[in-house]
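Next come two complexes, and both contain chain A; in the first it sits with chain B, in the second with chain C.
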Partner chain A sequence: MHANDVKMSWEEVVEETRDFLSEEFEVDRGLILPENNLKDTLDLDSLDYVDLVVLIEENLNVKLTGEDFKEIATFGDFFQLVRKKLGL
Partner chain B sequence: MLITREAITQYIPHRAPFVMIDNLINATRERFESDFAILSDNVLVENGFLQETGLIENIAQTCAAAFGYLDREAAGAPKIGFIGSIGRLEVFELPPVNATIQTVVFPTHQLGNIYLLKGESFLEGRILLGCELKIVVAG
Partner chain C sequence: MSQRVVITGIGIYSCLGENLDEVTKSLYAGKSGIIFDQVRKDFGFRSALTGMVKEPDVKNFLSRRQRLGMHQPALYAYMATREALELSGLDVDFLEKSETGIIYGNDSTAASVVEAVDKAKEKRDTTLIGSGAIFQNMNSTVNMNLSTIFKLKGINFTLSAACASGSHSIGMGYLMIGQGLQERVICGGAQEINSAAMASFDGLGTFSIHESEPGKASRPFDRDRDGLIPSGGAATVILESYESAVIRGAPILAELIGYGFSSNGDHISNPSIEGQVRSLRMALKQAGIGTDDVDYINAHATSTPVGDSSEARAIYEVFGEKVPVSSTKSMTGHECWMAGASEIVYSILMMQNSFIAPNINFENPDEDSARINIIPQTKEQNIDCFLSNSFGFGGTNSTLILKRV
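Right, the complex of A and B next:
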């Protein structure tokens, strides 16, 4: 089930995203906050970014590119990008 | 047939006795396909069977040959790639000496110079091994 397939509110998308990021990257859900750094919090190396792209595509049906990540520092940036791509 | 075993080393950096692919049968941006005959003197054969490492290497070299072929088609020189990680590995069966296996690889995602690919090898239609590879292509 994707955010695009059903009428999910933006808040529901954020909460679902926090859930699957927390589970996949084994990070405390409470650390996935808009002000926190995405790379540092999830402890991402360059290969992990591919997993992140796959995860977002599988869960939210949103395709991200390498260019997209140039603008992302925090989870806030990341959520705004996803929101823009979802058209919410 | 896109590349025969006689020409395969023009497209991949591997050299004997570590060449684990014979012929590149097909290569598009969506699908790679190769075959490989398991000989008794293969360095990754043990007790008459090609080991899991040989099957994984065969998938990786199928990627190398296909990327090399596609690079040349695009009028560029083949680039060197490295296995970044191996995931979702499933081993079902090992092929015996004298068998010829078929390998199919699907590039699923690209992020910059990192490719995620899903590969599977088969013997007479039966799946032998499947895995996901992340391949980092150098400069």
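Right, the complex of A and C next:
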């Protein structure tokens, strides 16, 4: 189920995103908080950004590009980017 | 050769078992690892017979990033290599600081390529294939993954030579160490087990269709054989200079004393007796031994009518009728890219436990197999020296000779 297919609240989108990021990158869900650094928390290398794009597309039906990540530092930035793409 | 080359570790992940102990028991019992696979029948295979192993769960051993680039060949090879390194007394801390390389046999990554291309076609966007696919899809998937995981600092490449890949990988490791270029090389062979990998081979009509009795379908040298059965997994053989093995106090399982090879230079799939004979004679010459010194031959024989006859003739021409011969493919099926390495592992296990594993399903000889000494049932026998043959498409032949130390 995608956020774009069924109307989800923004809070539901955030919670779902925390779930799949935690599962895929094998990090404690409790660390996926708006104030925490995305790259450091998920221990992302250059290849992992490719998988992040795939994850967002598969789970939220939102297509991001490498360019989109240039301004992203925290999960808060990341959530806002997704929110903007979803039009929520 | 300036350096003696010994084997200090072996590991196996095959349809006869997922470790050395299980495989030893299966070899001794003459147990078949062949099954009927309904997935292949539904796919459109002429023959649904195959050797089968389960995909290992490596989540407890490897990180997400390490796992992402691994499909069947690398996963199987990882399991076999873990076992071989442990037996050899090698860990990552030591490997990282030593001169250890990897030359691994592999000749396909079909399933992972199909999966990646299907995803791109569905999404119409290559960025959605994901980051792991490229490392799964390249033929060098095994060495690129294992060299990263085990922090290897030496020679690092894949060897592709069809069904002789595993054997030639050991031959190349032997040359590297023998020439003093490496202290230690992780060699082996991996073979994926899936419909994508074997569909085109099945299409040639060379697989056995004896589907009603899977365990009896692979019958090398038998008069009523009707084709090979694909199989897979991985086998790892750790080669090391004798000097290094002694300094480490590593177990010395065998010494590799001869590597013979040849190319038929003829038909792309038909075997050549003349080509095989050249490979056998080259290995014997290099080992500096006579035919009477060989206690056992692990034949390449895959259960195809033409292939087995050719090998029986080549063995008879070089060795005559006395030397005991068996094809472990009667139990495993044809492990293809892996076979040349797995059959070294199987033969070392026989040497360690003083028995010859049977050529099961050998019930009636044909004109050619009647002239050599095929062992149809497990035989208790001391093995001090054995020879293993591997022959592949394109007319690539490889022969290895090992002896007890």
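Just so we're on the same page, the second predicted complex is superposed on the first by the 88 of 88 C-alpha atoms of A that agree within 3 Å, B and C clash if a C-alpha of one lies under 4 Å from a C-alpha of the other, contacts with A are read in each partner's own complex, and residues count from 1 in each chain.
We adopt the following convention: a residue touches a chain if its C-beta (ideal position, glycine included) is under 8 Å from a C-beta of that chain, and two chains touch if they have at least 3 such contacts.
Predicted model, so just to flag it, every value in this text is computed and none were measured.
Enquirer: Touching A:33, do we find chain B (first), chain C (second), both, or neither?
Expert: In the superposition, A:33 touches no partner, neither chain B nor chain C.
Enquirer: Tell me which partner A:53 touches in the superposition: chain B (first), chain C (second), both or neither.
Expert: Touch status of A:53: both partners.
Enquirer: In the overlay, work out which of chain B or chain C sits against more residues of chain A.
Expert: Looking at chain B versus chain C, the one contacting more residues of chain A is C.
Enquirer: Residue by residue on chain A, keep only those touching chain B in one complex and chain C in the other, then list them.
Expert: Shared contact residues on chain A: 47, 50, 53-54, 57, 65.
Enquirer: Can you check the complex and tell me which residues of chain B touch chain A?
Expert: 84-85, 108-109, 111-112, 114, 116, 134, 136
Enquirer: For the complex, which residues does chain A have touching chain C?
Expert: So the residues of chain A touching chain C come out as 24-26, 45, 47-48, 50-51, 53-54, 57-58, 63, 65.
Enquirer: Provide the residue numbers of chain C that touch chain A in the complex, in ascending order.
Expert: 63-65, 68, 123, 125, 127-132
Enquirer: Mind pulling up the chain A residues that touch chain B in the complex?
Expert: 46-47, 49-50, 53-54, 57, 65-66
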